[in-house]
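As written, the chain order gives the labels A, B, C, D and E, with residue 1 at the start of each chain.
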């Protein structure tokens, strides 16, 4: 178990369903996004439901900061409607008898006041719901329904967000519009969120903390960067996750690039609104890192860092391997062919250059 | 307020309009229905001032229970008739009933309707009960029995003379009086109920029933009139 | 305890209530289905007409039916031409009258239940190769089960209890049309309360068992 | 065309049917909700008991109610001690009797409709801060609207048409308990068919309009 | 409009919904997978529904091979249940009154016989439904429901598959299990499929043909490779799409690599079961291609091809641009920073080396 501030979200739950048992003991940060990751049927939805108080059979404790929500040992249980949360259901669960506007107002009118207030119009515009306000949910497309669900939860001024695959049926363009907004929410409102997603991109971008569930049990839980850099996780996960690095913006270059100071060197990153001096987070996918014995010239690859090889583990395809690198303090993960690994004569402890093709600014 | 047996409907309307002429101030209305039901209701405190029963046994019971403010006054004796719209009933007797053309014969309920009980007695006395029983259909009350016949579903029926003479049925079919020697008399009586003890209109109407005018109307609708002496009993 | 008349009446009532309930379900289902699916202008008037017989007193309905099914009535002429004879004072006549009078209690719940089925499962069935009849029986009917249970309960109970229509059309013929409700009514009218209580008690207990059995068909709620 | 008596009876009937329907909805809703949501063992027996009054003939129910509400009956003693006087032969008495007799026609459809609401919308409402009462009124009731319409239709129509109970308890007092059904019944019993037809006709037309209006509250099906 | 064999799927439909109009005229191949791509609310679901015959208001023509399904001009309409199709609904649309097995059997029993038969057990195993067969849909997780929906459609032995985001709520691991199976279906059964997805990875992997929808109208329709290489499509789409190249396997190397002959050179690709001589399809993401003025040595990058720059277009981020390259007949698309573009002094017509970091075999 990782250590997080005492004002975090404590979730210690035990629940038996038909042919399934959820048994988790989590201490999650009191701000930022925690990603809940795991295969289909691993208990992600069940976990969110139990935290919300929707699973009457769940035994254990739930506590948000100094507010106790549930303690079955003492027979204490705050009913769902008194828990100030915003829940985006996996299947949206809109009210079929209300228009889109009615759905949005429903939560907004009952907003419990202590969560942050968000402007109705801003959220409607962000989620592109303007032309849909008068419609009934039965007249919406799948993605439209999902967007209404997100807006409805946000407008309820929650103190904890539970998001069950909120972007699953949205196209990339729409996701790219909504994600920065969720990031802003995360940063500005400082309300914790639990985020279920199958997309490692989304998770890497949004999450500060990562929980891996399997068969109802916690496989890993910890801060995003630390967890992503672990090599003992399933290869499929590692490959898709990549690493996340953090640095300070030192200079704004022309062509919309930023120069970032990270432990062990500097990175050129496409700008995404940061000013000089700000902290910026970037994701480097395993597939975007290649290795060379010497820095290359005359190449479009903008970032090259001297690194030391730490260890090598299997990737999910037998032709590939994952190489963990240390770039003067920053951990990187490269996915290269076994053939290249051999050809370059690499081994743990060897020195090399990491060529980083793409760095994605995470805002 | 008057509760009156359903068979009185036509006669009572005429008696009432005569009474109203003599006492224009009185507000009177009548509920027609089943005598047995009225008895139960009066026992439970129903707001009726006079109760005209088709069976004198009911007012007698109420009187015995102290629910009456007057003696039980017999006001008529009912007669039963064979009546049909499909056949010419005139000239028929109960002994003709076993004939196959009378495939359905309507009588009132022999369990609780006075006219039904008398009809059964008469059929038994005439010795045709077992022959006609399989063909009997029973009406809840005498009006329903008449409707069975009127609608043609029953070829013949035994109904009250007062109905056969009523303005609505008089025009249809014909009837044959059944000898009153074949059944016990259908004595009908009324009382003023306890709640009307101080109601002058109620007592006035009770008196009115004894006037020659009222008696004439009753007779016109086929009720035989009890001897005045009965009243003294 | 019971006279043979009581027992005959009980058996007859059971037969009547069962036959009527089954027929009502059989006849009511297509009509309810039509009401639930059609977009026709006629839908609401027809639905209202179905409930109309209710607003007339049973005896009056019975009277109109008696006239209509009599030898001079339109229905009577039809049945006579068909060689069926006249319906009043027969068991089939009782069945027809009860059908008409209890119809709304079955149609209404079925109508609502069929509307609640919704398009998605029917559309899914169609894409899997199920034709209209097939998907009606394999999807709509099972999903509308609560409506069938409610309809059967109301139809059954109402047929047992109603006697105004039955008396008018049936003529209270022992073994043929004298059902328990008439029998109890007779006992009460004849001030034979002991027998009325007994018969009512037995009827209630028996009906309770049947209703409980019908409720056993009601699905329990799913966990989520 | 109509005697003043007819008009009084029509108005009285309207008043009775409206009062009874409204009360039935008000009283029936909590019970139906409990039936739909509880996991208690009592659920099915209670549901069956609700339907039980139906199986007794109306007049017999009326008789039992008359005795119970009379001066020596348990209900009668209660109402007298409360200073309410006796209920039989009064309009409130009619209302009570009709409530009991028409109850299942309202409870049953509501029960089914509430069960069809399902958990997801109620859970969503809870996460949005709606307490039990709030979500009952803002989610369960609107979603169960078809059940309310059906219940109102059946309850309304049945209260108009039923007269066995009403006659027994009400005793046919003009302006107080003589409803149209009793009035029509009287006309038929008196062979005064013309007036019976007229009154039935008016009743039917009027009820048709009311039922059609009730149906207007029935939501139309969504496209998908 | 592209030209496809006459036994294809003709879809010419016009349908007005509330605030939305679908107006498409498509001629799609009679075999293989056609991806339907477009933002949320663009009409993808509506299009599938209309093809299935579920939208009664749709005017126009639908024809599969020599079978006419619909021709509103002639008042001809084959009802849904007579169209031998398998439809995976966006929300699964399982039968709530049947168990999982009941749902699967429903379609299997009504299988119209002329489609290919698939083994019940194989599909159940593939989709991991074994332990769920006795369950009711209300007791399944979101992803489990979706898998049952896929299995049900496949077991109906359809002659046309309509798949509406079938993998949307599945984790990557599960997707990687199902995708090869869908590929096998595509290759072995030769039944055409229309596939709605928001994932360009999935689309690039599965699809032979691509249709882009926007606001109910067709923006582009054509064979996957040709369409992906077009530079006039929205940059966001291009970036995510990459290009697909096809070649013959010429040699099997050690370390599970294959050597592939493509127009203009050779590629090293992680093996995925192909034998020498077979045709193999690979996807090259725009982000995996970097440019250099000379071939690099001592690098883990295994593939370097001499190329000519054809043109350059904007990418969605202002710091980046997309460069279209010709590698002796094979079109490539590289995403590089504007800064690198300038630094390398590139211009249309220039020669360079494309360094290809990763090539994904598509089976």
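Note that in this section contacts are C-beta pairs under 8 Å (C-beta built on N, C-alpha and C of every residue); 3 or more make two chains touch, one makes a residue touch a chain.
Not measured: the values here are computed from a predicted model.
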{"item": "Distance-maximising chain from subunit D - centres being C-alpha averages", "value": "E"}
{"item": "Most distant chain from subunit C, judged by the mean position of its C-alpha atoms", "value": "A"}
{"item": "Chain centre separation in whole Å, for subunit B relative to subunit A (CA means)", "value": "91"}
{"item": "Inter-chain centre distance, subunit A versus subunit C - centres from mean C-alpha coordinates, in Å", "value": "60"}
{"item": "Distance between the centres, which are taken as Cα means, of subunit C and subunit B, whole angstrom", "value": "36"}
{"item": "Intercentroid distance (Cα basis), subunit E paired with subunit C, Å", "value": "56"}
{"item": "Residue numbers of subunit B (touch at least two other chains)", "value": "37, 144, 147"}
{"item": "Overlap residues in subunit C, where contacts from two or more other chains coincide", "value": "59, 63, 120, 123, 185, 222-224"}
{"item": "Touching two or more other chains - residues of subunit A", "value": "17-18, 91, 139"}
{"item": "Complex contacts: residues of subunit A adjacent to subunit E", "value": "17-19, 38-41, 45-46, 90-91, 128, 131, 135, 139, 141-144, 146-147, 164-165, 168-174, 176, 198, 200, 234, 236, 240, 253-257, 268, 270-271, 287-288, 290-294, 296, 298-302, 317-320, 334-342, 344, 355, 357-358"}
{"item": "Residue ranges of subunit A touching subunit D (in the complex, touch as defined)", "value": "52-54, 79-87, 89, 91, 93-98, 106-107, 110-112, 136, 138-139, 152-153, 156, 162"}
{"item": "For the subunit D and subunit B complex, residues of the former touching the latter", "value": "59, 63, 66-67, 70-71, 86, 88-89, 167-168, 171-174, 178, 186, 188-192"}
{"item": "Parts of subunit B lying in touch with subunit D, wherever the complex brings them together", "value": "1, 3, 6, 9-10, 29, 31-33, 37, 40-41, 43-48, 141, 143-144, 146-147, 150, 166, 168-169"}
{"item": "Subunit A contact footprint on subunit D (complex, rising order)", "value": "120-121, 123-132, 134-135, 138-139, 142-143, 145, 219, 222-224"}
